[in-house]
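Same chain, two partners: chain A is paired with chain B first, then with chain C.
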Partner chain A sequence: MIRRPNQNRSIIVLVAPAFIFVLVFFVLPLIFLLSQSVLPGDGGFTLTGYADFFESRVSRIVYLRTLKIGLIVTGISVLMSYPAAFLLARMPARRRSFLMLLVILPLMTNAVARTFAWLIILGKRGMINQTLMSLGLVETPVRFMYTETAIVLGLTQLFLPLMVLPLVSAMENIPDDVLEAARSLGANRLTTFVRIVVPLSSDGLVLGATLVFTGSVTAFVTPAILGGSRLLMMSTLLRQKSVAIFDQQAAAVIAVVMILTTLAVNLLLRVGRVRQV
Partner chain B sequence: MVSRWMYISLVILYSFLIGPFIIIFMASFGANANLAFPPQGFTLDWFANVFERSQFIDGFWVSLRLGLLATIASLIMGIPVAYALTRFQFAAAGLVETVFSAPILVPGLVIGFAMLKFYVRLGDLNVLTVLFIGHTAILFPYSVRVISASLRNLDPNVEDAAISLGASRLRGFLLVVLPNMQAGIAAAFVLGFITSFNNVPVSLFLSGPGVTTLPVAMFSYLEYHFDPTIGALSTLLVIFTIALVQTAERLLGLSQFV
Partner chain C sequence: MRSKPLILLLLAALVLGLAAPMAVAQDTQTLTVSIWGFNLDVLEENVFAPFEEMHNVDIVLDTGNNSDRLARLQAEGENTTIDVVHFATQFTHLASEAGLLQPYNPDLLENLDEVYDWAQDPLGNQAGAGYTVNSLSLIYRADQIEAGISSWADLLRDDVAGYVSIPEMSTTFGPAALIMIDRALAMADMEEGEAEINYDADLAWEALPQLADNLVTTYIRSSELTTLVQEEEVWVAPYASFAIGNLMNTGHDLSTVVPEEGVVGQTNMISITAATDKVDLAHAYIDWFISHDVQEAEALDLIDSPVNATVELPEDICALLTCGEMLDTMIVLDQAEVSDRLADWLERWNEVMVR
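Right, the complex of A and B next:
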């Protein structure tokens, strides 16, 4: 790298346009939002918006439900991806790159399209209900729509690739020798998996879990379509407060709580990862 | 080490990932209007309905224009940032990296909401302009990261040679670096375009009277209609996306970056 006396000037010239853009068009609106959550119209700083949020039974239920759904989706994604990711990482390159493409393709389709499928699967006359009724297991359609199960299924389908991708790339780096050594020293498959594969792929696991969890607790389209106004999550509550009830301060508080939640999860998992290393 | 239940879990994973698309595909040709499954009969009416509705056609053009403009803007401003991050060592590099990865940490719906509140306060702004600003901001993390990765793969000695032979840094960049990062730029471009083209949460609050992006139009349609039109449109979009990625792959070989 060439160091020159006018290096600082070059850096400023290179970074300034984008930096100013992000500052003015992204950071400033967020600061304004933060101020709206603590400064109601009549002036003066107050935290009543936040007190109202945490004292209201409805918003407490919605917040806890959002966190719970996030945890369940993350858990299911880990269980579904872990063994499969291991297999993918050990596959011959050609087959693997085809299968990885199938993991990436869903990511490139919009969430409305991907959630739509669940209307057909879970609807009143949907796939599952038709199957249950033709087998004679139920007489009237079971309501799957507007339930937590529906949201969990939709979100898992949506964010599964974000777990698979980092897991596969972490597992690719585990040398075969290490696994063979563990096996030849007497470890069975399960022990090898739990004591060798899991620790050596923990970086991918942490990254995947962060992406899936933060994605799930902030997603909008899927809870809006599969949960509707009957089963609210934080994002759909925000929209309801802003568009239907027109309580802008409450909406701003929800927005800030959502930001703080994602930041906290990111920081927590980052700290955890540093400590492991 | 590989066991049978790993294969079982692989099958479950892929049926979960791909199954919904097969269901959408089947439903979009079905004659019944109530989303019953399995679909009865065969019709192309839902595809016809997609093209008859102006909100989808207009939405497509809005999304296409928006995706192209926002991606280009995020690259024009993002490439210099990536260059500074990979070619200079400076104290504020950490701060710069944090600022440019921030848009990925803030929920999209919150970004859209914050921007709406802010611009309403500022006065009347063109809907498309606000959408463009919002989308450009959320694309920075992708363009800076992908371009930085591609610049790290390029030996800095090559441009240093050009510079020590008398080229200015700008000339060195334009004549030596830029031609060597075509594939990286293309990868960032495709990634950015797809991200913008599919975005709902940021666009939702910012879409205004008469100007709606395609995914937001699809979402609004679903709030009032319960028929396979969205399935037909989704089928078309999947084909569009595969064609886009295939073309980019053929022309530029993207897979080395993704």
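Right, the complex of A and C next:
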């Protein structure tokens, strides 16, 4: 296709605002963050901030805990979203839009209000404990709040829509003929799902998993309220370094480690998808 | 043309209209005050509006929490427009260490002599004057803890295990709680008398794993403690005096106690920035804030506990503030000692808490 000069100019004009916005408000701060992590105030390039981070037992525990919670939330989201997305993608348009609205409801609720709602469910006087006690299953309330389980529940509720939406979008593009052909060749429903639907929706899976994982490892409000300040995650550790002891280099190191981790996970998912397909 | 004089007249009116406010603005100088964003309507009535009228000045507010405002002050350096700044003592110490403040001149503060000694110069370098005091004490559920609570060491008791919360180490009162537990443990080993404050808090650090086992969680903001008490997750905790109203509103059977080892006092301070050239006006602002009239008005509105010793309050008001007999047992910590240890303490604290 041959582009005319006017067409090229139009493309530049159309792209420029978004490009400038991303450059000024994302790329430049990212470069500043990176430089802050390796160039402390007294000058000179150093990686001691990174060495200190990985040498610290606390940092390693917090990092591994954050990774673990991120992976669990992503895994649960995948398992819960696939069947739901498959059904949604094959529903009549009107019913689908209504159900999609319900799916994205958590994203439309204020983060603090949504997280405090978990207190009503998981607290000592919460719904679950009241039910367990009234059924005589426990005598004293069980502690659900301020545990990793509470954080996983809260993050899964929050980020589930980010997995469902790309999966629905990917599955809508799978022609019904392909599924019928698989069945006519003897594949049962499970085989069709695993060998046809999953590979053909892997773009949505990679996008959704990246969004859910990134959201989970960088979330602040939900872990802070449901986990409490004692159950540190990377985001709450970053707050400590930045706000409590004003160690901006250590805070920048944590931020860069978080960014590199999410990029690495995205890369792994992409590599995995290519091999699968 | 007939319309020409009319246009000239309109132009003249426009120029005069624009110029008049500018002339007024040139006569009125501004004082930029960095302060928390709480109770500003009451402060406007008790402090800002009368000061503006007395000194023909416009007060411009820069609001935010301690750390945000300190970070801004650091980033702006000599170019900051902030003239005076309100900080908790530990943040005043950090700002002072960073060279962001200039010492006040006691000769320019007529009301300073009326202020309690411990609030006149809390950091000992005239980096700022204390204008209010908060205290850290203990609160507990009287209906759940039959034996009651009388000491900081009671937070380690088995009968409260699983129902304790304490302020996180990174907060204003985090180190203070640990130091008071240390004092309580030291006094428990003594037959009589009082233990000195040990800023290394060795006994408390030894006991921290045991305390950690008793904790539901730690808290960063007083509002978090209120929620924990409200939801019956917590029965006993150290609390900051300014949170008492919200805690009592939870509707539970709560009792406050002045522990045997005393309460911790923490002053909020007003300081003059190094970059300001409105030094006289800044001193006038501090002097006004620590004056009898302002201190009394702020106390009666339950906003700030007074540091001006001439203020006498009704008993019911005093009971809700840090004043009266509580001041006799109040310990004011040396923030320089605390701040110097904070980074190391935070790492040690995390070591225990991540178990």
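A few comments on the model shown:
Just so we're on the same page, the second predicted complex is superposed on the first by the 232 of 277 C-alpha atoms of A that agree within 3 Å, B and C clash if a C-alpha of one lies under 4 Å from a C-alpha of the other, contacts with A are read in each partner's own complex, and residues count from 1 in each chain.
In this text, a residue touches a chain if its C-beta (ideal position, glycine included) is under 8 Å from a C-beta of that chain, and two chains touch if they have at least 3 such contacts.
Not measured: the values here are computed from a predicted model.
Touch criterion met: A:230 reaches chain C, while chain B stays clear of it.
In the superposed model, A:146 makes contact with chain C only, not with chain B.
In the superposition on chain A, contact is made by A:161 with chain B only, not with chain C.
When the two complexes are overlaid on their common chain A, residue A:57 makes contact with chain C while staying clear of chain B. In the superposition on chain A, contact is made by A:259 with chain B only, not with chain C. In the superposition on chain A, A:191 makes contact with neither chain B nor chain C. Between chain B and chain C, it is B that contacts the larger number of residues in chain A. Of the two partner chains placed around the shared chain by superposition, neither chain B nor chain C is touched by A:48.
Look at A:221: by the touch rule set out above, it reaches chain B but stays clear of chain C.
Once the two complexes are overlaid on the shared chain, A:240 sits against chain C while remaining clear of chain B.
Applying the stated touch rule to the two superposed structures, the overlap between the chain B and chain C interfaces on chain A comprises residues 116, 119, 123, 125-126, 224, 242.
Note for the complex: chain B touches chain A at residues 1-3, 5-7, 9-10, 12-14, 16-21, 23-24, 27, 34-38, 77-78, 80-81, 83-84, 87-90, 96, 99-100, 102-103, 105-111, 113-115, 117-119, 121, 133-134, 136-137, 140, 144, 156, 160, 163-164, 169, 194, 197-201, 204-205, 214-215, 218-219, 222, 226, 230-231, 233-234, 237-238, 241-242, 245, 255, 258.
Listing the residues of chain A that touch chain B in their complex gives 1-2, 7-8, 10-11, 13-15, 17-19, 21-23, 25-30, 32-33, 36, 80-84, 86-88, 90, 97, 99, 102-106, 108-114, 116-121, 123, 125-127, 130, 156-157, 160-161, 164, 179, 183, 189, 192-193, 214, 218-221, 224-225, 235, 238-239, 242, 248, 251-252, 255, 258-259, 262-263, 266.
Touching chain C in their complex are the following residues of chain A: 56-58, 61-62, 116, 119, 123-126, 143, 145-146, 224, 228-232, 237, 240, 242-247.
By the touch rule above, chain C contacts chain A in their complex via residues 67, 70-71, 94, 162, 168-171, 212, 215-220, 224, 227, 231-233, 342-343, 346-347, 350-351, 353-354.
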